[in-house]
Structures are given as structure tokens and as C-alpha cells.
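In the part that follows, the structures are each spelled out as C-alpha cells.
Paired with subunit B in one complex and with subunit C in the other, subunit A is shared by the two complexes that follow.
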Partner chain A sequence: MKKTLQTIIHGPWAYWIGAIILGLLNILVLIVRRQPWGVTWNIEIWAEWIGTNLGVLSDRGFTFEGLMAASGTYLNLGLLLGAFWATLVASQVRFRPIRDKKFFFSALIGGLLMGYGARIAYGCNVGALLNGIASSSLTGWIFAFAVFLGTWLGSKLLLKYLM
Partner chain B sequence: MSINSAFHSQRKWNIGFILFLTLLLVLLSQISIRLTLITALGISLGFVLQKSRFCLVSALRDPILIGMTQLTRAFLLLLGISILGFALVSWGASQRNIPLSLNVFPMGVHTVVGGLLFGIGMVLAGGCSTGIIIRIGEGFAMQMLAFFGLAVGSVLGERSLKSWRYTFGEWPGIFLPDIFGWVPTLILEIIVLLTLWQLARWWQKKQLGE
Partner chain C sequence: MTRFSIDIWGEMCPIPLIKAKQKLSSMQCGDILVLETEHSCTSRGIVVWAKANRYIIEEKEVANGIWHLELTKTHD
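After this line comes the complex of A and B, so read on.
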């Protein structure tokens, strides 16, 4: 019993338990939001708003009020707070600096490729892959196949240059 | 798992943070119950993703790098649950005339190119969009940088989407139940998932001999 509690607090939980709870939460998001869970589009509209206010991007009409009323903002904020809290309950909170300069570049380039790719394909792993497939959309399956191929290419790069 | 003794007890911080989260949700509930529920769901998703080490990069990369497919199979389970749940919810919504939009997106060459770039990017950045947010919550500097890249990249993507559409064209998304009907679609999708599940199990046995 004590060991079970210890695992719940410190983790890691078994993958299949994660899958079941995440599946239920994903369905609940659809019910409450009337639209599936997504991550990247909200990040883009915040970037648009910040860029507009810094004067580096043309105005696409996103207002602060609009962003604060967007459900995606609260999902992403929740993700961040939830992950931080999960780390905190296990007393594992600490800053984890970049160990090697090459990871500085791989993070930046990887992020750029990912953001660009997600935006032209209308979504990331959550919005386009998981929930594209969950929506029984053919596009979701095609995107999933492309992401798998991309992962394979990325792994080759990772082995060649980073490991 | 090693726990650094200097950080062993963050219990006080934890209690403080729980108070903060409660306060946040209570205040938000004064403005909008819907947004409060969504925030609570977001927090739960973040918590479970962190605790179960769920990560789609690992699910797709680990079979290639180390031959492990446990997470890949768990992800297939998540897909199966979501497919059935979404079908049920959209049926329920149509019965009650509640508007509900699903993610049936248009497709084109940019769907494939976007997927390829996204796949490469997430391996290099050490996390997909969601994974990056989770790892920022865990305190990783690398993913804070990746998040910046992600934000810039998505703006660039938005700016160039038009020319992708113009050059290669775009077709409306295909909602599979429109073609096959609901029941055959669900059967077909579950068969595909089960086949992939078997394939993943066979792959791990082949790679690791277990």
C-alpha cells in the first residue's frame, strides 16, 4: 500500500495506465471544449500577438482579450502547471541547464522545424496526429505516417551528430 | 531514481503550490466555469503526461533507436480509446443538436512535408509541442529554447502556408465515416491499430529477443 502511494507520487506510472487516463481526459476535453485538444495553434497566436506588439510582425487582429478568452491558452497553461506540479509532488523541482553546446542548436533548429511543420499541416502530435486520427480523418493517418518517417530521419541525424 | 538530498523535501513548496492552483481555479470560476474546467483538464493532462513519462517522440523513436515498443503500444491504446470516445461523443452531440467540431483538416503536399519536418524537429528538440511544455515544467533549459523556436517556426509556417496551397493545391479533408459509415470505419480503424500493435510486439521481440 505504501509502495503504491510512493509510485503514485514519485512515478513513473506504467505507460498503459497513462494511456487510459489520457484517453479519458482527451474525451473530456472534447466534451467541455466542443472541439478536440490542440497545442500548437494557440502558441502561434500568442507569438503573433507578441510579434505585433514588438513591431516585427504585421497585425493579424489578435487581441489580448481574445487570447485570454481562448480555451487553448488555458489548456497550455494547465499543461505547464500540471507538469510542474507533478515534478514538485515528487520533490524533483530543479533547473536543468543545457549540458552541451550542440544541444543549444538542436533545440533551436528542432523547435523551428517543428513549429513550421505543425503550422503548415494544421497541427502537432496532439491536434493533427492523435486527434486527427481520433476524429476518423484520413488526414490524421497521412500526417501520422509522415511524422513517423520524419522521426526515422531525425533519429539518423541524432545518431550521426548528437550522440 | 536518485533524489538529490538538498531538494529532498519540497513539501512546503508543494502545499503552497496546491494553494496557488486552488486559488487560481476559484478565481477563474468567477469568470467562466467552462475555462475553469478546461484549466483543470489541462493541469490533469500535464500531471499525467509527466508522471507516466508519456511522450510521442519516444513512442516513435525508441522502436528505431533501441527496439523498445512498450510506449508505442500504449500510444496505440490511447488512439483506440480516443477513436471510440470521439465517435460516442459526436454521436451524442448530434442526437442533442449540440455543435461539435472534429479535427478533419484539409490535406495536401504540405500535410506530408509538415509531418516530415515535424518528425525531424521533435527528435532534435527532444520533445513534441506537448512534450516541450511538459519538460519546461520539469525545468529543462533546452526545451525552453525549443519553445522559442517552435513559436517562431509556427509564425513562419503560417506565413508560407498560402504558397504551399497555391503551388501544390489542397483537397478537403476526408471524414472516413462519410465514405464507409460509422461502424465499418470504427472496425477498420481498430483492426489497423491491432495490426500495428502486433507489429510493434513482433518488432521488439525481434530486436531484443524477449
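After this line comes the complex of A and C, so read on.
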């Protein structure tokens, strides 16, 4: 019993338990929000708002009040805070220094490519792949194919440059 | 029975696992590979992989967020 409680708080949870919980929460988001869960659209409108205020983008009418009223803002904040909270409860929080400069640059380039890719595809792993396939959208399947292709290429590059 | 160790500190999956596999292939049966990581997913990934490949693996969280792994090469 004590061991079970220890596993619940401290982890690691089995992958299938995580998958079921994620699936149920995803259904809940769809019911409450009447719109599937997505991550990057909200990040894009925040970026557009910042860009507009810096004067580098033309105004498409995003206001701070509008952003603070957007459900995506809270889903993303919840994602970050939830992950942080779980790590904190498991007492695994630790500042992790960057081991090598090449990991810094690979992460930066990877992040930029992922962000750009997610926006030209109108969604990320969550919005386009998970919920795309769940709603029988062809986009999801094309996205899945591209993910496999990209991952294959990424592993080749990783073995060549990052090992 | 010899003890080996490789430095995977600060490295992200899947690099530690690939390095461990490479090191393991140069080791004899009964040898032990010692690994230490500060990434939970790295530790988890190596444990899952070792169990799937019927190697003996011991995982211990030696401090908050630091895992010490001992992998025994039981077969080729």
C-alpha cells in the first residue's frame, strides 16, 4: 500500500496509465471547450501580439484582454504549471546545466523548426496529430507520415552530429 | 567480472542509451556497467530497455533527481 502511494506521488507511472489519463482529459477538454485541445495556436497569437506591439507585424486585432480571455492561454499555463508541480512533488526539481554548446544550438534550431512546422501545418503533435486522427481528419494522417519521416531524418542527424 | 562506467551526465535521451549499447557490446558476460544520470526519462528509458532485453538492472535514486544504474551483462 505504501509502495503504491509512493509510486503515485513519485512515479514512474506505467506508460499505459498515462495514456488513458491523457485520453480522458483530452475528452474533457473537448466537452468543456467545444474545441479540441491544441497548444501552438495560442502560442502563435501571443507571439503575434508581442510582434504587433514591437511594431514588426501588422495589427490583426489581438488585444491583451482577448488573450487573457482565450482558453488556450490557460491550457498552456496549466501544462507548464502541472509539469512543474509534478516534478516538484516527486522532488526531482534540479537545475540542469547544458553539457555541451552543440546541445544548446541543436535544441534552439530544433525548437525553431518545430514551431515553424507546427504553424504551417496548422497544429502540433496535439492539435494536428492526436486530435486530427481522433476526429478522422486526413491532416492527422499526413502529419503522422511526416512525423515518421522527420524523426528518421532527425535520428540520422543525431547519430552523425550529436553523439 | 569487471565494472565499467560511461559518462552520460547531462545528456538527453536517446544518446545515453546508444552510448550504453555501444559500451555493452565491448563488454564480457557478467561485467557490470555503471551509469549515473540526472534525467528521469533517461533512467526510465534504460531500465525499460534493459528489462526488455533480459539484462539485470538495478536503479536507485541516490539523491533528489539523480539516478544511479547498474547494468549486468547477462548474455551476448
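What we mean here is this: the second predicted complex is superposed on the first by the 163 of 163 C-alpha atoms of A that agree within 3 Å, B and C clash if a C-alpha of one lies under 4 Å from a C-alpha of the other, contacts with A are read in each partner's own complex, and residues count from 1 in each chain.
Heads up, the rule we're going with is that a residue touches a chain if its C-beta (ideal position, glycine included) is under 8 Å from a C-beta of that chain, and two chains touch if they have at least 3 such contacts.
The shown structure was predicted, so the numbers you read here are calculated from the model rather than taken from an experiment.
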| item | value |
| --- | --- |
| Which of subunit B and subunit C A:Leu67 touches, first, second, both or neither | neither |
| Partner chain(s) touched by A:Leu158 [first = subunit B, second = subunit C, both, neither] | both |
| First (subunit B), second (subunit C), both or neither touched by A:Ile98 | both |
| Partner chain(s) touched by A:Gly11 [first = subunit B, second = subunit C, both, neither] | both |
| Partner contacting more residues of subunit A (subunit B vs subunit C) | B |
| Intersection of the subunit A residues that touch subunit B with those that touch subunit C | 11-12, 90-94, 96-98, 103, 155, 158-159, 162 |
| In the complex with subunit A, residue positions of subunit C that touch it | 9-12, 14-15, 18-19, 38-40, 44, 64-66 |
| Subunit C partner contacts - residues on subunit A that touch it in the complex | 11-12, 90-94, 96-100, 103, 155, 158-159, 162-163 |
| Touching residues on subunit A, where the partner in the complex is subunit B | 8, 10-41, 43-44, 46-48, 51, 57, 69, 71, 74-98, 103-104, 106-140, 142-155, 157-159, 162 |
| Subunit B to subunit A touching residues, read off their complex | 1, 3-4, 7-11, 13-14, 17-18, 21, 28, 34-35, 37-54, 56-57, 60-61, 64-65, 70-71, 73-75, 77-83, 85-89, 93, 98-107, 110-126, 128-130, 132-143, 145-158, 160-161, 164, 173-177, 185-186, 189 |
